[in-house]
Amino acid sequence: MEVKEIELKGHIIDSLILPRVFDTIMDMGGDFDVTEFAIGKKKTEPSYARILIKAKSRKHLDDIIGELIKVGAAVPEIEEAELKPAPKDKTLPDNFYSTTNHPTYLRFDKDWIKAERQEMDLVIVVDTEKKKALCTPVSDVKEGDLVIVGKRGIRVEPPERPRSYSIFEFMGSRVSSEKPTDSLIEEIAKEILKVKKKGGKVLIVAGPAVVHTGAHKELARMIKEGFVDVVFAGNALAVHDIEHSLYGTSLGVDLKTGRPAEGGHRHHLYAINEVMKAGSVSDLVKNGKLKQGVMYESIQKGIPIVLAGSIRDDGPLPEVITDVIQAQREMRTHLNGVEMVLMLSTLLHSVAVGNLLPSSVKTIFVDINPATVTKLADRGTAQALGVITDVGSFLPILATKLQTSSK
Amino acid sequence: MEVKEIELKGHIIDSLILPRVFDTIMDMGGDFDVTEFAIGKKKTEPSYARILIKAKSRKHLDDIIGELIKVGAAVPEIEEAELKPAPKDKTLPDNFYSTTNHPTYLRFDKDWIKAERQEMDLVIVVDTEKKKALCTPVSDVKEGDLVIVGKRGIRVEPPERPRSYSIFEFMGSRVSSEKPTDSLIEEIAKEILKVKKKGGKVLIVAGPAVVHTGAHKELARMIKEGFVDVVFAGNALAVHDIEHSLYGTSLGVDLKTGRPAEGGHRHHLYAINEVMKAGSVSDLVKNGKLKQGVMYESIQKGIPIVLAGSIRDDGPLPEVITDVIQAQREMRTHLNGVEMVLMLSTLLHSVAVGNLLPSSVKTIFVDINPATVTKLADRGTAQALGVITDVGSFLPILATKLQTSSK
Amino acid sequence: MEVKEIELKGHIIDSLILPRVFDTIMDMGGDFDVTEFAIGKKKTEPSYARILIKAKSRKHLDDIIGELIKVGAAVPEIEEAELKPAPKDKTLPDNFYSTTNHPTYLRFDKDWIKAERQEMDLVIVVDTEKKKALCTPVSDVKEGDLVIVGKRGIRVEPPERPRSYSIFEFMGSRVSSEKPTDSLIEEIAKEILKVKKKGGKVLIVAGPAVVHTGAHKELARMIKEGFVDVVFAGNALAVHDIEHSLYGTSLGVDLKTGRPAEGGHRHHLYAINEVMKAGSVSDLVKNGKLKQGVMYESIQKGIPIVLAGSIRDDGPLPEVITDVIQAQREMRTHLNGVEMVLMLSTLLHSVAVGNLLPSSVKTIFVDINPATVTKLADRGTAQALGVITDVGSFLPILATKLQTSSK
Amino acid sequence: MEVKEIELKGHIIDSLILPRVFDTIMDMGGDFDVTEFAIGKKKTEPSYARILIKAKSRKHLDDIIGELIKVGAAVPEIEEAELKPAPKDKTLPDNFYSTTNHPTYLRFDKDWIKAERQEMDLVIVVDTEKKKALCTPVSDVKEGDLVIVGKRGIRVEPPERPRSYSIFEFMGSRVSSEKPTDSLIEEIAKEILKVKKKGGKVLIVAGPAVVHTGAHKELARMIKEGFVDVVFAGNALAVHDIEHSLYGTSLGVDLKTGRPAEGGHRHHLYAINEVMKAGSVSDLVKNGKLKQGVMYESIQKGIPIVLAGSIRDDGPLPEVITDVIQAQREMRTHLNGVEMVLMLSTLLHSVAVGNLLPSSVKTIFVDINPATVTKLADRGTAQALGVITDVGSFLPILATKLQTSSK
């Protein structure tokens, strides 16, 4: 039998860290003794626990400790993180450590270094000279990069349950369409304003249904009024947004009357061709032909808008990044400072962006499909809120509440 | 081989009656010759067709003719409808004719009598003295009632496709959440006003999600402002509506803050008990304790509100009809004059009420679940429109548009 | 400030009782000191905690204690439960105690009495002579019945997280359609056999989709082979089951070919009429006309089958209990000894039956709609498992695995 | 007023071509006279109609004729198609003709040329020397390419309703989960065998849920047994398929027990790294490490498997085409000869592939989400069948039925 002691600090009971540690040990077939336990006597005091883990073998022990680290346990003895070079480009040394989306620290040269660009399912590459650690996707690993292997010398800080009331605690727990819509959107507006006030950035991830439901007019308004700092979308959103600006239709449907326009099914191809003739979407704004909509307001406001390609795309527009790995890289460069993300009716983009976010970012998923919302909300972010509703009703109410509340 | 001729009149091509006739004959293994065909030369002219049906046997021919009658074919030779007495209560003679939801005429005593209270899956009981025919559910059939059997002497008038543009044609065809929300609701408001203007009645069928999402305040407003003539609901809607009026919560959730109220999970039981103490919901209004909400406004306005029981019910309230067959009867008595139905987030009630409606009633189904909307929209009503959205966003927008448009 | 001490015993950390107690106190605006804490040093040892609750007022304290009792806290000082008579039939004394679905004990005459027929959202009526307590729906309360009021002298035992591995722990947590279907159904079969082996009863709650998908043949087989002890369903399941037995169709669709049968839309009305002619479903079995299916096998096997009415019902069959409160009563009488429930594609029935069950009963929800499964799984039963799948695929696989595994 | 005559031939009534023509003219505000009409007297005889279209202006007339051509009308006078050169790469001449997914013919040099690689929303580029016409996506148009503009000299042949019974007619019309599962899958198996027998190719488009539900084992079996000719998928399917082959898990869940494996959440990254170490998936097969699964069987069988990239991708594997436009091109090259497509639990891929298919290809969509199935089935393919079910139950039943039926 192999044993090792771990320690836990903070609001480990009501943030469910202690129960999760117990669960993990038992689920993995280990055993434990609680060697020390000091519960916070008052609700503001942190608790402390030392737990002796018992495992069948060294490997078993390492596996258990590896999991416990991810839920916030620390190993009190000081161990250095282990580094091994990548054997070739895009290839990792065996037993590499893969990241969670929580803040992670490495013990290196008797110091704790914080890994930068935290994101899940990456590896950590260490620059031993500069004493810097960077979360890195496998596609960016170069031969010889020093990659963390094993589980020693690593400390993870999962978020504690916040002590204050917020929409995320009260609403986030259950994904249900039977919630008070109006007060829910009111709270979301307040959270956005709170983030903006502290200087945080708001990222919008939007699918084409935003245009089909006519709600992109409200999104454009939110951009114009300064509530949005970054937009991630795809070719379809941009094409239909431009289609509507030029022809009043989305996928050929007249958004004023809800009726298919004559010959309207060609409008999205016409819109693409107008952009091609101009050279780019920016050029279409410059030459005065594109005068409204999400693309127009983003370009006018100068906020970054990353358009990622997908195999469904018609065209695509020149601004679309057709290489998906390049698109991931471009999205990563715009995540710095983002503290809130609204994901609007797009499963593909939402999953992709969700994977890129550290756990500290507040995320709100709006979709008509409860299965989509459940899938998205269940990704380990600290503060995730799923709203099952029609984005065409959601955005107008939100835009109005933002405007009212910000005065 | 057996043959018989049928005839078709009206806009039989673009109302799809002729294609459906061809389909039916072929699906049932019959054959046909077109003996006469005069197409409307202009778009306002009706067409005319005579078709000779060929079948393998007399029974086969009768079966085919039986189906063709339901899609609008008529048999030119004059045959009297056949009547047989019910052998005992709630029991039908063999080979009874079961109704569609389209207007139906019977040949009796050399006259065409229109069946009253048209509804599908019923039988037609004929009062031979008064020369009246009544669509009757099996549970109301009495021993000796004269019931139509076979398929002779019956003429059905399925609705033709209306020539004018309306929301039902343009939107109804596809059930999709990706429709322009705002213009869609605008059109629905116009349809409601159109019905009201002609003196038609508007029926609301509402589930408890209307209260959970906070939208019942808007429904109450619509009732107060006279846009609603009848309400069908269940115990849960009434209980949560009263819970919210008395305690500000719905299923214990404070609708202002979206947070669970202290001890709120008992509020619906408290609400029931307050009604019990008063005697009935009406008494709670009379004694001044119930001052707002859907139940309050309905009672104040004097419009009928039928509460049907279900096995989920807590309580139930004294106004709830706990016998489901009795509840069906009560609902039927309030359908006279109803020209539009809004079914709001309730699968059970919507299916039940849908079954009671003749095909001429315009029906709008609002639900967050596309499968529910598809199921409901697919019931052969002439003018059905499915809206996939959150009722909590839908009703506030509708109520506002109704108010604005009606001025 | 008012204070009172509570105590907690058992696996209060990994069963999440302690975290829930902390949460509840903080959510309700109270404060606390931990006055004693002994953590189980090994995983088999129970823990113990004494916590001093601090509240703003006597009412506030009572409210907090009331909630804590429901999650498993006990008040160490001995207090008698308070009783008040019901002022009239179906009407409760103010401040009545409403039940959870966990085992509940009352302090009466210096003894702890266990409430019988545990079910949530009921009240507890005490027979002071016989020293018996019965969970009672408001509709069954009679004038003068002694009803528990307030929160004193009540002890609730929420289920602890079981220490052994089971399908409910591993699968139940997340409602997702992306689970390994075959191994999931295999585990469900094992759980059913485990329950049967211990002498527990298995209840099936089934909707009409079971017949429409053709899976009722497998359900009939499971009944015949003795895996089912009770069936709850509605008129539609029974009608379509009989329709299929008599005519080979369900709602007119030939289940062998998947094609609509000629004149098949009348078959369900014909099936109802055959039953009416015979007198009842049992009579149709007796006279030899009904020879297979769910109804046939249930009647042959002599297991209880409760058919509850709904407002959608055609007919209904004579066995259907059309009064919903009477139907609830009838269902309650068959729950004794039930240890596992399979709810198959029926939202209405599942919610209704879920409300009637004590928290110790294992429940499995099978539905194609993830929103339905989420709604059902989220009702506080100890061991609930949601399976998002087509019941038409699920039952054949389950029936086969049951047969194989039971050998 | 402008007028022009069109003609219609074939089973124009029961294939709904005539009703659609009438609808289109009226929807677009035009008028018409029927100048000649000869209905097929027997069900095997084609009908014939000449219709005089009346429009407000030359443009209005052209617009109406343009739409009528798409639903199958022909202009009897002989007009040559009009060609204009593309002004630059990826840019089209104004008023370009965009394709439907139906077979299309162009009048060029007094001959009718059939456009190759029919697909919707493309343009037609004509090689005037070789007298060849090719449907071309805008991204592949080169400066100077001769592109069809306007609507003259174009003939479209929409599919007629087939006269024989098939699963597509009977089941395809309604998207519902309440269908007889077993007989439905039986019919699908028969259709696949029919296609294979005639020498048609079967294409599988599969999402990662196929692996998560454990059904990929059956897909691998179908590939091994020769029922599959082409596979389109993404990185995730390939990664999880390899993960399962190497470690027995999918996304870390042990597919035998349904339980999360120890450290299993790293397995997909390990699987990617094993491929990277080997060089490619093919190399991993060659070096004997990959011994089973969809990727293994496809490589062993030598059938093409196109892996298209998406922004969700981890890794990705070396075989994944990360440029989405390149991936579209690669998919197009494998569509020749494909007569049936099964789309398994993947919205993104299904929409993308659906866009690439001519209307003659039979398509079957399998998904647990009815909204997905509705969206996919509604894309104008002649023979589309939506099956709402769990792919984890569907594939085992299908694979077994294929094996049984093919003997």
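In order of appearance the chains are A, B, C and D, and numbering begins at 1 in each one.
By our rule, a residue touches a chain if its C-beta (ideal position, glycine included) is under 8 Å from a C-beta of that chain, and two chains touch if they have at least 3 such contacts.
Source: prediction; values computed, not measured.
Using the mean of the Cα atoms as each chain's centre, the chain most removed from chain A is B.
C-beta contact counts were set side by side for A-C and A-D; A-D has more. In terms of their C-alpha centroids, the spacing between chain A and chain B amounts to 45 Å.
Between chain A and chain D the centroid-to-centroid distance comes to 33 Å (mean Cα coordinates, whole Å).
Between the Cα centres of chain A and chain C there is a gap of 38 Å. Counting only residues that touch two or more partner chains, chain A has 177, 260, 368, 370-371, 388.
Because contacts link each chain to all the remaining chains, their graph is best described as complete. Residues of chain C that touch chain B in their complex: 27-28, 63, 66-67, 87-88, 90-92, 96, 98, 121, 137-139, 260, 262-263, 265-266, 269, 272-273, 276-277, 308-316, 322-328, 331, 347-349, 351-352, 355, 368-369, 371. Residue ranges of chain B in contact with chain D, taken from their complex: 13-14, 16, 18-19, 22-23, 25-26, 31-34, 37, 39-43, 49, 163, 174-177, 370-371, 374-375, 378, 388. Listed in rising order, the residues of chain B touching chain A in the complex are 165, 167, 170-171, 177-184, 187, 208-209, 212-215, 250, 253, 255-260, 368, 370, 388-390, 392-394, 396-397.
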